[in-house]
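Both of the next two complexes hold chain A, though its partner changes from chain B to chain C.
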Partner chain A sequence: MRDFLRRYWRTLTRPSAYYSLGFLTIGGFVAGVLSWGAFNTAMEFTNTEQFCIACHEMRDNVYQEIQPTIHFTNRSGVRAKCSDCHVPKDWTHKMARKMQASKEVWGWIFGTISTREKFLAKRRELAEREWVRMRANDSLECRNCHEFGSMDFTRQSKRAAEAHSTSLQSGEKTCIDCHKGIAHRLPDMAKQ
Partner chain B sequence: MKCLATIPKGFVFLSLLLLTPAFAQQAHDPLRPGAGFAEDPKTAPLVNAENDDKKRVRSYAMQPPTIPHKTDNYQLDRFANRCMMCHARTRAPETQATPISITHYMDRDGNFLADVSPRRYFCDQCHVVQMEGQPPPVRSTFRDVDEIIRGKARK
Partner chain C sequence: MSEMQKKEEFRTWLFLTAVLAPVLAVLVVSGYGFVVWISQIIGGPPGS
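And now, the complex of A and B:
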């Protein structure tokens, strides 16, 4: 076994006798681009709605609930996908979130929220986590689509304009402080 | 009764038979007014709720005021009460919503509770939105008590 490994190691470390340096450089570059592309494509796939609702935990709970809300169908025909609100756009944060999500795969395997009852029991904790995250990044995901600078208060309803021109403008509050439950039903809010 | 009995049975049957098409045409599904069972009526477009925050007249002192804003997708179940997130006593300074009045804290024996009474928890049981430019679906002959008193006084 050790001999076998040593032989391979030697092959790997010895300069190539068959291929030119140019071929290796360009070939390596192309292979790198391809695998990077494949990696990102795979990552993109995990961002699609189909992927998110492939497990019944998501399909039977949150996906059902988002359907009557404005982010599913609206007069403008723009849909906010799961990843638009739950996955940061820039690469570093996206990777960090995907690593975290690996833990959620464990939850799926062990059926942490495999029934509606288990989901409801766990819901406050899950929601709380999203609220903390969005408060920390100043509701970045909302702002990717809704830009404060592009809001025309004169076009908003009275209640909206009132709230947005005061504590939102001053930065005292962020979107998620007032718009909890925008896409799903809220967890039990009476619990502490 | 006697004269009814003199009418031949066949005649009664025939006239009933003649009437049926008329019935069939009138027969309609109460859930789909204005259309027969077999027809495929065009649905009227949806109308938005008025959303201008303008208080409307209360027709009598005990009337639950109608809601002057839209309530689309406001959650109101055992988990959360979206209305109370603005209309609670403590939320008024921030939201400028009228806090619920004292009657909402009373149980049926007239005791004042610390929070909204269970029988007032489901707000939409009494408070409703008004649809933009829609005439009331049911005609009403209600007259304001002021009008009645003043009407009497003028006479």
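And now, the complex of A and C:
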């Protein structure tokens, strides 16, 4: 084994005697392109709805709840999928979110929310985490589609126009402060 | 000897490009992701 490693270490650190610089450079470049492509494809796959609802925790709870809402079914057929709201688009924060998902894998292995009852008991905590996140980033995931500057207050209900033209405009409130429980049901808010 | 060396050079190249470099790239990116996550745990979510 030692001998094997030493032999290959020597090959590794010496200039190649049999392969041209051209082959090694281009070959390395092509392999780099392929692996980066594969990496991104895999990353994109983890952003699909199909991936999210592969686990029954998501399929039987939150996915069922979003279907009757306007973010899933509506007259124009534009809709949000899981990652549109729950995965940041910015690369750094996206990678951080993907690593946070290791905690979800942990939860999946140990069945943290493996039954409806467990999910209901835990959902307040899970929802609070998303609300804190969205309050901090000024509801960035909402604003990826909903643009304040393009809102026509005259086409909104009186109550909505009033809130949007005051608290939202001044930045005192952000989308999520009022629009909670719009894509999934609210947790039981009674208990602390 | 030379055939042997040629084989070894090719294997080394293949290991580097097909195994070591991709694994290192994934490790670096996920390590970076974890660092950002930890910084978010300490400093709060981005934007706050």
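Rule of thumb we're sticking to: the second predicted complex is superposed on the first by the 192 of 192 C-alpha atoms of A that agree within 3 Å, B and C clash if a C-alpha of one lies under 4 Å from a C-alpha of the other, contacts with A are read in each partner's own complex, and residues count from 1 in each chain.
Please note the rule applied: a contact is a pair of C-beta atoms (placed from the backbone, for glycine too) under 8 Å apart; a residue touches a chain by one contact, two chains touch by 3 or more.
Just so you know, these numbers come straight off a predicted model, no measurement behind them.
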| item | value |
| --- | --- |
| Which of chain B and chain C A:27 touches, first, second, both or neither | second |
| Which superposed partner A:69 touches (first chain B, second chain C, both, neither) | first |
| Greater chain A contact set [chain C / chain B] | C |
| First (chain B), second (chain C), both or neither touched by A:6 | neither |
| First, second, both or neither for A:79, with chain B first and chain C second | neither |
| Which of chain B and chain C A:118 touches, first, second, both or neither | neither |
| Touching partner for A:59 - first (chain B), second (chain C), both, neither | neither |
| Touching partner for A:159 - first (chain B), second (chain C), both, neither | first |
| Partner chain(s) touched by A:18 [first = chain B, second = chain C, both, neither] | second |
| Chain B and chain C footprints on chain A, overlapping residues | none |
| Complex interface listing, chain C residues touching chain A | 2, 5-6, 8-13, 16-18, 21-22, 25-26, 29-30, 32-34, 36-37, 40, 44-48 |
| Complex contact set, residues of chain B against chain A | 51-53, 69-70, 72-73, 75, 77-82, 94-96 |
| Of chain A, residues touching chain B in the complex | 68-70, 157-159, 162-163, 167, 181, 185-190 |
| Complex interface listing, chain A residues touching chain C | 7-8, 11-12, 16-19, 24, 27-28, 31-32, 35-36, 38-39, 88, 92-93, 95-100, 132-133, 135-138, 140 |
